[in-house]
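Take a look at the structures listed below.
Here come two complexes built around subunit A, the first alongside subunit B, the second alongside subunit C.
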Partner chain A sequence: MIGYIIRRLLTAVIVVIGVAAITFAMLHYVAPSPVYIVLGTKATHRAIEVWNRQHGYDRPEIIQFLSYLNNLIHLNFGYAYKFSQPVSALFRENAGRSAYLSGTALVLSLIIALPLGIVQAVKRNSPGDYAATAVNFTLYSMPSFFLGLILIQLLALDLGWFPPGVSDTVTSTLSAITHPRQLFLPIITLALLNVAAFSRYMRSAALDELAQDYIRLARAKGLSERGVLMRHLLRNASLSTITLVGLSVPSLLAGNLLIEILFNYPGLGLLFYNGLTNLDYNVMIAYTLLGAILTVLGNLLADITIAAADPRVRLG
Partner chain B sequence: MPTPALKVHDLTTEIQLSRATVHAVGNVDLEIGEGETLGLVGESGSGKSILGLSILGLLPGGGHVTGGSIKLYDRELVGMKPRELREIRGNEIAMIFQDSLSSLNPTKSIGEQVAEPVRLHRGASRKEALDRALEVLELVGLPRPRERLSDYPHQLSGGLRQRVMIAIALACEPKVLLADEPTTALDVTIQAQILKVLDDLEQRLGMATLLVTHDMGVVAGRSRRINVMYAGRIVETAPSEELFTAMRHPYTQSLLGSIPRLESDASKPLLSIPGLPPDLTNPPAGCRFAARCRFATDQCRAQEPPLTGSGEHFFACWNPVDGPAVITVSKPAAGAAPAAAVAASVISEPAPAPAAAPAATNGSAPLLELVNVVREYPVTAGALLKRKVNSVKAVSNVSLYVNPGESFGLVGESGCGKTSLGKLIVGIEKPDAGQVKVRGEELFKKRGGELRTARRVVQMMFQDPYGSLDPRMRVRSILREPMQVQGIGSAKEQDQRVRELLGEVGLPVNALERYPHEFSGGQRQRIALARALVLEPKIMVADEPVSALDVSIRSQVLNLMKRLQSEHGMASIVISHDLAVVKYLSDRIGVMYLGRLVELGTGDDIYRRAAHPYTEALIKTIPVPDPAVEKAKADVGIRGELPSPIDPPSGCRFRTRCPLAQEICSQQEPPMRRFGPSHQAACHFPLQTPEPETAATNGAGASAAPSLS
Partner chain C sequence: MRFIPESRSGAGRLWRLSGLVAALAAIAAVAVAATGLSSAKNTAKAASSTTLGTKVEDGTLIKGTLPKNGTPARGGTITIGQITGATPTGINPIIAGAQCSTFTFNLATSLFIPLYYGPNGASPAVNGSLSAAYAPVYSNGDKTVTIRVKPGLKWSNGQPVNAEDVAFDYYLTKAATNASPANWCQYASPTEFPYNVKSLTYHGNVLVMHLTHSVNPTWFTDNQLQDTNGGLYPLPASSWDVNSSGQKLTDWATNPTDATAIWNNLNTLGTNLSDFMNPLWQVVDGPYKLKSFNTVNSSFVLTPNSSYGLKPKPTATLDFNTYTSTTAELNALKAGSLDIGGLDAGTQLGAIPQLQRDGYSIYGGPGWGWFGGFYNFKDTTNHFNKVIAQPYIRGVFAQLTNEQAIATDIYHGWAVPTGGPVAPYPKSPFVPSVATKSPWPYNPAAAVATLKAHGWNVKPNGTTRCAKPGAGPHQCGAGIPKGTPISFVWANQPYSSSSTGVLESEAFASEAKKAAGINVKFATKSFTILTSDYNNQVPAGKQYVNDWGVNNYGGIFVDYYPTQDGVMNTTGSLNVGYYNSPTANRLMIHSISSPSAAAIAKEVSFFAKQQPVLYFPVPDTISVISKKVGGTTGAFLALTQQQFDASGFWVNK
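Here is the complex of A and B:
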């Protein structure tokens, strides 16, 4: 088990280096140096050369990449010129808020989606099932910002129950947690989108399991329907959803991007957006790398969870 | 007559599908007394399982009892409130299902699963329930039950899992036990053990048992009465002895006649039932068996026969037969064969000519020769780097030969390596050591086009008629593909050949444009047979060719295989767990145990003069459809489970389960010794006297003596 995790983590390192190389190459193809962001477009040729030499942007690309990798090993993600701060400091500050938003949304969506999927499977092809399916598909096919806009219009502007965006008073992770009303809309928007995906998956997994012989045996033992569902179906049907949740970890990050912009919530997504509009090199690479790391970790976590939940699975 | 514990009267069950209604069970009566076993025999789709599920009130979606009554002592179960019914389920009526792997919850320990009904019905605490689980697991003969309480189902073998399933059913000491094909998925040696457990427990606990099965042999010795079901109806019911010796319904007669038996003469074709069972969404007006019955008259097709008879023997037939069929080679009654899309050559199969005299001339090379063939699958482990730590010894030092035109059978329990050996013969896998020679040449010495051409000589017919045909290909493409791969003939010639083949295997020409799912299992196996014959191979390897088929369909395919083999003068290798099937199809038989070939000989050598204790035990454990024989059987044959092929026992691999084993068996691997012209076995303490040692006998392939008696 330990050996397996080490092997997977080693693979993860290779993946991250590969992603770094590709992102690095693409950025350098678009703009070989962030000098214009720092000095402005009207900078003189001479000033640009000096700045590039000072910051090492005159060296061959491969050397630049290797020195970037060297920095990475020391957890130095470089300097965000536009924000005038090291990238790692920026990420440390914003990561907590993003994690809070994604984490709450994920937990909330699982709490809704798992029972919903099972109920839909048990009452398959009933009017309720059809209605839930219709709502799910509508949500699933809707872009996240569009759902956000609708919710803002409905719950904030028309009904006035919640503020339409996160106010500037929310600056730290702690203040995000202590202002649930402020975060209600972004969390609900993210959660609803996940509910749609998870419950579809859960429904089909539960349908497969319901057709299994051990469910029939459980009924033959005299268990009530509720007992059959809780004691036998739930765990087995959830197994396949674990993989899906693991795979969705990085997409939570991406989902955050639009939601954070829409609600003006200061997280990693908003940071990346600002970096993108300013061509802030190191912020963009770091955000991409974070995506890669989350993808690998999400998968690994899912595999470990499955091994813990399913005695038939042995990692190795 | 003991007090009836369960009484079913005039039960009718229907299953409502979206567009049609399946009339699954109609007007069924049965009665089981305390401590009595009632046999219920029928093929798949006969409604026997639905009947069992009706009693428990566990019908699948859309299913409901539409009439009749089910009484547990005095309580009526039909129409009972779900709550009350739940209290009876698993408590007073329990059920054992067929497939123990899918019937046990994969993520719960077996201890918890056995304890569950006890907690539910007895209100026992977790601890008390686990104690009870331990007790019951011991009762059903699970070795070292205490250590296994926390094991999960996948960690147990099929036989042990079935014991767990029986333990679940018995946990609350039910009054009625419904056993639905309780041993169908098991090997014969394990089947005998499980049936013994069931027998003992029935008597000890005084349960009323309904034994549902398709296997006449299984019910023969253990039920007082047998009901035969066909297409949702009970067609005949009689005390066991009477049913086997003096049956009146033609279906019962055909069913019994279509089972290949060890003692029967393999040169006679099996009685087979043409056609398929009727579609129960739209059952025929008259007798449901009429379309497949040799004796059917207009009355049969128009009017459904009532269950009549006297004493304890009842049957539903207008033209009853009198006792078992005497198989004569004659033309079938005119008009009896239906216009179904299935070959109707029934009892008129020509007796196959004694396998086209194998080229027996001394010195001529055998068609196929295996010399000390070994195949091992690596088992890997290791945290960072995978390394081979051990291997599954699937095939160990097997030597044999097959002559042109000869049919060779390979028997053994699951896990004995017979399928691996089949793959080596066809060349799907490469041996790790030893040689597989076809016409004196090693297949894997060849390369490229030469290898491809060489593959024509050996073709395979697979076990699973559902999985081995590409569902997206039409039959025409399936049958043409081998010729296309081999570049044989023009498109027109290929088409011509495909049509010929379809005729040979008894399928209509319109089958060409259809997809595999449009055919029944038996028809698909005909397609698989045709595919194996396309390239006119010299050897056909058939891996469990009929084990996925129903009894009545099985004999159709067996007869066909036998006929085509002799017509084409092909050699064949039939691999099966069923000794009777192998004996019916083969001139010579090899018995495998745990990767080793333990005995070789003609069908009679094996059946009448078995030299190896394993062979003898295997023969003894096969359920025979004859109550007298079955009841006389005292012991269960082989005890225990197959040892792990990763770490097989030293010396003779059978010694751990052998009643005759002594010290030498663990120290020395017994050599193959000769017991007759073509009879060999590897045992230190054989049951027959070996022939005096002559020149060093090299494995099995030394002599090319003709193998037919």
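Here is the complex of A and C:
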């Protein structure tokens, strides 16, 4: 197992360097230096030269890239010129809020989706199953911003139950936790979409498991239905959902870009959006890298968790 | 003198969406349309169904109804919307080029009293009552300017505001521009401020500037000292005269090195968002103090400055909330959580009936300046540089532009047609209305006749080509070979960023093709590319010089004294198409140096006739004000000029 993890981590390093190289090359193709963003378009040729030299943008691009990688090793993501702060400081400030938003939505969706999927499987082809399936397919086919817009119109603008966006009073992770009404719509939007996906997978997996001999055996030896479902079915049927949760890790920490923009929620997604609008490309590179790192780690985490949950799985 | 490039869409949002953001916005727009929250259809329907009238008020054309002045209550909070990317990025009143935006200016004027404040309501003129000094007195053949700072003004630390504080700003500005012109966004040329001041003396509240040459007093007051609030400010010399180590440097007037060190310190602290709450910025003389600044989304809160020496005294706390999009801002207005916001004329007019039912006042007026597309006089593709160099061709383009239809059908009445650099509204105190009339009114038949008269083989709906090359009176023009088409690339912002800009361009292209066989090919570029790369005045623009024939990034906020100096002179920093006319250069110099009031009218008339850019209607800035908010009429009108007069708003009793 440890050898497997080390090999995967080494592969992850190569993947991240590759993503960094592609992102770096693309951004440098669009704008070789952020000098105009910093000094303005009226900067003199002399001032541009001086600034580029001071900040290393006069060096060959391969040297710039190697220097960037070296900084990454030291967790230095560069300086956000438009935000006038180090990128790492900005990430530290926003990561907690994004994690809270996506984490809460993820936990909430698991709490709803796992039992829902099992109940649908047990009561399959019943009116309740059909109704839940219809709702799930509708939600599953919906982009997050579309569902968010509908919820804003319905719950915020028409009924006035919740604010349509997160106000500026939410300035820290703690304040996000202490303002549940403000966070209701973004969390419920994310959670509903996850519920749709997770419960479909859960239902499908539970149907497969219900047909297995060990379930019949458990029932035959007189175990209660609740015991069958909770002790035998849940663990085995959850394996596919574990993979899905692993793949959700990037959105868990990198934030949900569209939801944060839609609800005005200050997290990593909104930071990236602001970085785009300000052409602050150190923020853009860092966000892309973070996404790559989390995707790789999420996959690894899912594999390890499956191995832990299913004794039949051997990593190697 | 200063001009600020203005984005096409919304309330002066200078830096617009690009790339992925634009795509996301487009997706969101589709979703919004699908859900019925907003759509072009219901926008148009609502626009025609709303009963918002239009009337001339205080010299400008106001559509809708201004809010009532009301009676100020003590205290209360007014929430104000701002859009991501359209927020202040600097706090130092000596604003650098990279921080140059109306949003930064508005923060500066909320914290510091400009030496000369503008506008005066919607009128492009100095507002004496909100200025730190009395009107300047010119003498010695307009080579000497005497400025008297109003007595009784105080810094929030109790120190008096005096002429030394004005001199402090002057010397620091000079140090900044000496280091690099990019360090001061109002820098125009080595012959203008601060370099047209030979020397200055100050004592008590009186400061005297000795200029290098005679100037037009109106130009010097409005475009150099006032300069759309980017000009001079008294700054607290006794508190800010320190370098980055905190060492006191009191010889800034005589030692340029020390002045540079002080400016460096101010500039560093003033552009670093996390330093906005530095105690240094708490020493203010303006109506407000900065209470908090959110470095994540640039939201901020202002509280009244009890030391403010002018009237009206501020009473309310101002809470500036940042929204990720105009849609999010509109949602906040609908939910009643926002007191002052804006509407996008291209996409959000459909919300007006609901907002009116909710008690909001909605009104708009045209901004000072012009909108239009810059011609590229260096684009050699299809010999476009030679084609567009012909004044009659530019006149033909103007005659093919149906401005009235654009104002009515695309802006739904929230725009004012114009034919030159000075729009008919708001009325200019310096230009007679006759100079604002277009000498090239919409007339496709006349346009076609002009082309034929100059030797073009006109093919309506086809491709018109030059049939008679040559520089004679009935020939196409110098350097245009036989068979040359009138074809060029027109660069716009994405539709998601500027729907109106795209639509009006298409309106022109359609008319030009149908009536005169002129072929326009569209290209979509971000606002940043249009201002930074499609610009023949910057080194980065060289590689793109043949990529565009027209650059329609929006328009220009013109200085109150509406000379085009800086925009249309050959090396003007905003002359992105490299228009080059010795006559124009001469007229602009005359405008800024001659005391004659006729000079500026002559210049404006010249540009209206020459059409160095393709002028489009000037859109309104639309404001939405809740019934909770009262204020001075001037403050409400100033919003049409995207100027936030902070002391002019209050919570109603």
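The rule we apply is simple: the second predicted complex is superposed on the first by the 311 of 316 C-alpha atoms of A that agree within 3 Å, B and C clash if a C-alpha of one lies under 4 Å from a C-alpha of the other, contacts with A are read in each partner's own complex, and residues count from 1 in each chain.
Just so we're on the same page, a contact is a pair of C-beta atoms (placed from the backbone, for glycine too) under 8 Å apart; a residue touches a chain by one contact, two chains touch by 3 or more.
Nothing here was measured: the structure is a model prediction, and the numbers come from that model.
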item	value
When subunit B and subunit C are modelled together on subunit A, clash or fit	fit
Which superposed partner A:Leu139 touches (first subunit B, second subunit C, both, neither)	neither
Angle at subunit A between subunit B and subunit C, C-alpha centres, nearest 10 degrees	150
Contacts of A:Ile2 with subunit B and subunit C, given as first, second, both or neither	first
Contacts of A:Tyr214 with subunit B and subunit C, given as first, second, both or neither	first
Subunit B versus subunit C as contact partner of A:Asp310, first or second or both or neither	first
First (subunit B), second (subunit C), both or neither touched by A:Phe83	second
Subunit B versus subunit C as contact partner of A:Ser224, first or second or both or neither	first
Subunit B versus subunit C as contact partner of A:Leu244, first or second or both or neither	neither
Winner by number of subunit A residues touched, once subunit B and subunit C are compared	C
Smallest separation of CA atoms, subunit C relative to subunit B, angstrom	40
Set intersection of subunit A contacts, subunit C complex versus subunit B complex	none
Complex interface listing, subunit A residues touching subunit B	2-4, 6-7, 212-214, 216-224, 227, 231-232, 235-236, 239, 309-312, 316
Residues on subunit B engaged by subunit A in the complex (per definition of touch)	56, 58, 86-91, 94-95, 97, 99, 102-108, 116-117, 120-121, 152, 154, 165, 168, 381-384
Contact set on subunit A toward subunit C in their complex	36-48, 82-85, 90, 93-94, 143, 145-146, 149-150, 152-153, 156-157, 160, 163-165, 167-168, 171, 257-258, 260-264, 266, 270-271, 273-274, 276-279
Interfacial residue positions of subunit C with respect to subunit A in the complex	15-21, 24, 27-28, 31-32, 34-35, 37, 84-85, 89, 96-98, 100, 180-182, 185, 187, 271-275, 294-297, 299, 319, 321-325, 328, 331-332, 334-335, 337, 528, 531-532, 535, 538-540, 573
